[in-house]
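In the two assemblies presented below, subunit A is common to both, partnered first by subunit B and then by subunit C.
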Partner chain A sequence: MTYESLVYGFVFLPLCLAAYQIVPQRWRRRVLLVFSYLFFWLISRNLIVYLLGTTVFVHCIGIWLEWLKSEQKTELASADRSEKKKIKGIYQQKSRRVLAFGVLALLGILAYLKYYNFFVSNVTGILGNVLPFTLEQKKILMPIGISFYTLQAIGYMADVYWGKIRAEGKLEKTALFLAFFPQIMEGPICRYSDTSDTLYEGRPLNMDNLTSGYIRIFWGLFKKKVIADRLAIAVGMIFSNYTSYSGVVIAAGAIAYTIQLYMEFSGCMDIIIGSGELFGIRLPENFRQPFCAQSAAEFWRRWHISLGTWFKTYIFYPVSMSSPVKKWNQYGRKHLGKYITMLGTSAIALFPVWICNGLWHGARWSYIFYGMYYFTLILLGIAVEPVRDRILNTFHISDQSVWLKFVRIAKTWVIIFAGELFFRADGLRAGISMFRSIFTDFDLNALTDGSLFNLGLGRADMIAIAVGCVVVAVVGSVKERGTDVRKSLFRRPVFVRWALCYALMLAVIVVSAYGDGYQTIDMIYAGF
Partner chain B sequence: MEKLMNILMEIDDSIDYENEKALIDGRLLDSFGVITLVSELEDAYDIEIEASEMIPDNFNSAEAIYKMVLRLQEN
Partner chain C sequence: MKKKKRIILFLLIFVLLMGTCSAGIQIVAKNINGSVSGRSRVFASVSAEKKHTIDLLVAGDSESYTSVSPMDLWDKTGIAAYDCGQPGQRIQETYYVLKTAFRTQSPKMVLLETNTMFRDPGFLKNLQMSLTEPLSYYFPIFKFHNAWKALFDGPGILQNAYKGFEIRNKVVSYEGDEEYMKETKDKTDIPEVVRIYMEKIRNLCRKNGAELVLMSAPSPKNYDYKKHNALEEYAKEKDLPYIDLNLKYRDIGIDWKKDSYDKGDHLNILGARKVTDYMGKYLQDNYGLPDRRGDDGWKDWHELARQYFEELKKKI
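Showing the complex of A and B:
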C-alpha cells in the first residue's frame, strides 16, 4: 500500500478517519498510533521490529537525558557559586555521552542496513587481494522509511539534550511522533516541536480540514499520476538505453527526470500533508517553488526543505560552532582576513553536510558525487560573491533587475538538471558518459526527426504532461507571490469553487497514467 | 547595545537593525552571517554560544540578540 493507491485513499484513510472520530478525544492519538503501525506492518511486515526497537530506545534516551537535567538542577540548588560551574561541567559531559550513545546506536543500525554491502563491495574491490579474510555481501532487508524516522529520532534526542524540548514521558506519544503513518515513508522529517501539539491534541474532524485536506490530496495525485508517472516511462527508456540516444535526447531526459522527480516527490508531499490536515495535524512544508531559486544554495532552501533544515540544525551549526572551527575563525580573522576565514569556515561546515546529503540518498558513488557536486557549487557561489558584486557595481547593474533574476534562474536550472542527471543515472560511470554525450553528440535533428515520440509516450501523453506542467507552474507562480491558493479558492463563488474541485478530481480520474500501457510507478523517495 | 550595533553594522550595514524584527525569518541574515555574528559576539562579550542557541528567536532582532548575550553572560 502506497499513498497514491486506491486502498489508501478509499479504505485505509476513511477507516482511520471514522475510528478517530468515533472514539473519545483522549483515545484519538492511540487510534492514530494503531493505524500507523498497521500501515507500517502492511508495507514492511516483520521489519516493524526496527521501528518498535528504535521507538523504545529513543524514548529511554530522552527520559535519561531529562533525568540528568533534573539531577543537575537538584545539585545546583544546594551548591555555592564556585561549585556550580563544576557541577554543570560534569552533567554536560554525562549528557553528551548519553546523547552520543543514542546517536551512534541509531546511526550504527542505519549504517549496517544501508551501507554494509556498499562498504564490502568497495573494500573487496580495493583491498581484496591484501585482506587476510573475506568479506561476504549479505542479503539485508531494510525497513521502508528508516532514513526518515532515524533522522527524526536523532533530532528528538538532540533537542532534549539542548533543552529545546522536554523529553516525552508517555511512550505512546513518542511512538506516534516517529510512526505517524502519512509521513513514515517519505517524510517530511519533522521536529518534535513542529508537530507534537496538533499530533497529540486529538481535535475532532471538521468540514474545513476535510475539504482542505482532500483538495491537497487530489492536487498531489494530479502531479504524481498525470505528470510524473507518464514522464517516468520516457525517463526510464532514456536512462536505461542511454548509449542509443544522442546528446540532445539525453539533455531532454535530464530535464524530464527533474520534472518527474519534482512532480512525484512534491505530489507525494501534498498527499502526505493533506492526509495530516484531514485530522487537523500540521506537517511542515517540504517544497517552496524550487524552480524559482536563483542559486544552488537557494534551491536547497526550497527543495526537500525538511532534510535541509535537519542538516543545518544538527550538522551545519554544531560543526560551525565546534571548538576547532571557532579557533580557526579566531585565527583566520586575525591573520588571514574575513574572506579567507569565511571561505574556510564554509568549507569545513558544508563538507559534512553535503557528504551526508549524498550518502543519505543511498549507498552509491553517484549519490556521493551528487552531494559533492552541490558542495562544490555552493562553495564556489560563496567564493565568487565579492567578484560578482564588484562586476555589478562596475557596470551599474542593479542586483534586483528582472533580467538578472531570469539569468540567475536559468543558470540554476542548468545546475539542477545536470545534478539530477547524475542522481538518476545508473551509476557514476553512466552519469559521466551521459553528461559527456550532451557536449560531444549534440544533434539537434533529434528534436525534429521524431526521436522524442519514440520514448513510449503518445501525443495524448505529451499533451497531458504539457498541460499538467503549465497548470502546476501557474499555481506555483501564484504561491510564489504569497497567495494561499486554497484559501483564495474558498473565497470564490460556490459555482467556481466546485467547478475547479470537480475539474481537479476528474483530471485525476480520467487523465491519470493507469491501465493498458502504463505501469505502477514506485514512489522514488520511499526507496531512500 | 551600541557595541552590538557596531558588530551588526560590520556584518551588513544595509539593514535597519533598530526596527528589523525578522532578521532570520525574513532571510536578511543567512547561516554564514549568523556564524560570523556568533564569532564576533563571543569575542566581544567573552561568552560561549552553543549550537543549541541557534534558533531564529535568538537572532531575529538586535534586541533578541542582546537579550541572549546578557543571559549567557549571567551564566
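Showing the complex of A and C:
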C-alpha cells in the first residue's frame, strides 16, 4: 500500500478518519497509533519489530536522560558552590554516554541493515586475497522508512540531551511520533517540537481541514501520476541503455530525471502533508520551490528541507561548536588569517554533513560521490564569494539585478541536473561515462532524428508532461511570491473555486499515467 | 451545517460529472476500441459487439482464449461464442467482464476456464482489485481514461482478433511428463476470495439465465490432480457441470510435441482447434446452444470466419 494507491485513499484513510472522529478526544492519538502500526505492518509485515524495538529503546533513553537531569538538579540543590561544577561535569559525562549509547545503537542497526553488504563487497574487493577469512554477503531485509524514523529518533534523543524538550513520559506518544503513518515511508523527518503539539491534541475533524487536506492530496497526485510516472518511462529507458544514446539525449535524461524526482518526491510530500492536515496535524514542509535557488547551498535549503535541517542541527552545528574546531579557529586566526580559517572551519563542518547526506541515500559509491559533489561545490561557493563580490563592485553590478539572478538560477540548474545524473546512474562508472558523453558525443541531430521521441512516450504523454510542468511552474511562481495558493483559492467565488477543484480532480483521474500501458512506479524515496 | 450541505452538493456534482464523462468515454472507447489496449481491451471489445448476438461467453485467464477458437466453433456448430479472457485474469475481473458482457448480451452459457480459480495475489491486491473493478464498472472513465490520448496519438492499430481469439502458430513443445495427471487424494486450496466471487458469478449467471460450466483446459504446466480434486469437489458442492480436459487430452488428440505454444503452458492454434472441436461436440450433445449460421443477424460472422480461415491458411 502506497500513498497514491486506491486502498490508501478509499479504504485506509476514510476508515482512520471515521475511527478518529468516533472515539473521545483522549483516545484519538491511540487510534492514530493503531492505524500507523497497521499501515506499517501491511507494508513491512514482521519487520515491524525493528520499529517497535526502536520505539521502546528511544523512549527508555529519553527517560534515562531526563532522570539524569532531575538527579543532577537534586544533587545541585544540596551541594555547595565548589561541588556544583564537579556535579555538573559528572552528570554531563553520564548524559553524554547515555546519548552516545542510544545514537550508536540506532546507527549500528541502520549501518548493519543498510551498509553491511556494501562494506563486504568493498572489503573483499580490495582485500579479498589478503584476508585470512571470507566475508559473505547476506540477504538482509530492511524495513521501509528506517532511514527516516532512525533520524527522527536520534533527533529526539539529542533534543532531550540538550534540554530543548522534555522526554516524553508516555510510550504511546513516543510511538506515535516515530510511526505516524503519513510520514513513515518518506518523511518529512520531523523534530519532536515540530509536530508534538498537533499530533497528540486529538482535535476533532473539521470541514476546513478536510477540504484543504484533500486539495493538497489531489495536487500531490497530479504531480506524481500525471508528470513523474510518465517521465519515469523515458528516464528508465535512457539510464538503462545509456550507451545507445548520444550526449544530447543523456543531457535530456538528466533534466527529465531531475523533474521526475522533484514531481515524485514533492508530490508524495503533498499527499503526506495533506493526509496530516485532514486530522489537523501540521507536518513541516519539505520543498520550497527548489528551482528558484540561486546557488547549490540555497538549493539544499529548498530541497528535502527536513533532511538538510536535520544535518544542520545534529551534525553541522555540533561539529562547528566542537572543541577541535574551536581550537582550529583560534590557531587559524593567529597564523593563517580570517579567510583561510573560515574556509577551513566550513570544510571541517561541511564534510561530515555531505558524506552523511550521500550515505543516507544508500550504500553506493555514486551516492557518496553525490554528497562529495555538493560538498565541493558549496565549499567552492564559499571560497569564491569574496572574489565574486569584488568583481561585482568593480563593474558596479547590483547583487539584486534581475539578469544576474537568472544567470545564477541557470548555473544552479546545471549543477542540479549534473548532480542528479550521477545520483540516478546505475553506479559511479555509468555516471561518469554518461557525464563524459555529454561533452564527447553531443550530437544535435538527436533533436531532429527522433531519438528524443522514441523513449516510450507518445505525443499525448509529452503534451501531458509539458502542460503539467507549466501548471506546476505557475503555481510555484505564485507561491514564490509569498501567496498561499489554497488560501487564495478559498477567497475566490464558489463557482471558480469548485471549477478549479473539479478540474484538478478530473485531471488526476483522466490524465494520470495508470492502467493500460503504464506500470506502477514505486515511490523513489521510500527506497532510501 | 451549511458547510456540510455544501460538501454534499460538491460531491454530488462530482459524481454527476464522473457519470457524464464515463458515458462519453464509453462511446469513444467503443468507436476506437483499437486504441484501447491491455486489460481494458476486452471490456471495450465485448461492449462493441452487436447486441444480443453472443450465445457462449468463454471467460478466464490466458488458458481460456488460447483454448477455444470461436471461429472454428462457428464453422463447425454455428455456436456464436466470444472469448472474454485476459492474461492472468483475476476472479474479480472475471466477474466484472461477465457483468459488462451481460449489459448488452444475453448468452445461454458461460464457460469458465478454471485456472483463474487458483489465483490469489494476497490481501492488499485483492482489496485493491475489489475496489478498482466495481469503480471502473460503474465509472468506466477509470478504465478507458487513456482514450483521450487517441486525440494526439491517433487511433491504435486494430489487431485481428476473432471474437477475442488470436491465431498463435508458434510451436514450443512440452517435453515433460505426459502423465502429469497422477491420481492423488490431495487437494489444492481454492482461495476464499475466489469462493466469494464465484458465488457472485453463479448468481450473475442465474439472474441472466445463463448456464455456468467449469472447464479446465489442457495445460501440464498449470494443472495436476490436486487441482482437479479441488475443482471436482467445488463443482459437486455447487452443482455445476465440470469438464477437465487434462484427463481427456489423449481423446482430444493433443500432441504435446506439436500443439503446445510455450512448453505446456498454453495451446497453440493446432491445440486450440482440437479443443474447440471436442468442446463443440460436447456442447452440442449436452446443451442445446442454437446454430446461428442461417440467421440474418449473424451475417457478419461469416465474413469474419472467411478472414479467419484465410489467415489460418497463411499461418499453418
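Just so it is clear, the second predicted complex is superposed on the first by the 528 of 528 C-alpha atoms of A that agree within 3 Å, B and C clash if a C-alpha of one lies under 4 Å from a C-alpha of the other, contacts with A are read in each partner's own complex, and residues count from 1 in each chain.
Just so it is clear, contacts are C-beta pairs under 8 Å (C-beta built on N, C-alpha and C of every residue); 3 or more make two chains touch, one makes a residue touch a chain.
All values reported here derive from a predicted model rather than from experimental measurement.
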Inset, instruction - Based on the superposed arrangement, let me know which partner A:F10 touches: subunit B (first), subunit C (second), both, or neither? - result: second
Inset, instruction - For A:M321, select first, second, both or neither according to whether it touches subunit B, subunit C, the two together, or no partner. - result: first
Inset, instruction - For A:M505, decide between first (touching subunit B), second (touching subunit C), both and neither. - result: second
Inset, instruction - Please indicate which partner A:M142 is in contact with in the superposed arrangement: first for subunit B, second for subunit C, both, or neither. - result: neither
Inset, instruction - Give one of first, second, both or neither to describe whether A:A349 is in contact with subunit B, with subunit C, with both, or with none. - result: first
Inset, instruction - Using the superposition on chain A described above, determine whether A:A79 touches subunit B (first), subunit C (second), both, or neither. - result: neither
Legend entry - Partner chain in contact with A:T211 - subunit B first, subunit C second, else both or neither: second
Inset, instruction - Decide which partner touches more residues of subunit A, taking subunit B and subunit C as the two options. - result: C
Inset, instruction - Under the touch definition given earlier, write down the residues of subunit C that touch subunit A in their complex. - result: 3-4, 7, 10, 13-14, 17-18, 21, 36-41, 124, 127-128, 131-132, 135, 141-143, 145-146, 148-153
Inset, instruction - Quick one: which bits of subunit A touch subunit B in the complex? Just the residue numbers, please. - result: 161-164, 312-313, 316-318, 320-321, 326, 329-330, 333, 338, 342, 345-346, 349, 382
Legend entry - subunit C partner contacts - residues on subunit A that touch it in the complex: 1, 5-7, 10-11, 42, 207, 210-211, 458-461, 463, 498, 501-502, 505-506, 509-512, 515-517
Inset, instruction - Using the touch definition up top, name the residues of subunit B that touch subunit A in the complex. - result: 31-32, 35-36, 38-39, 42-43, 49-52, 54-55
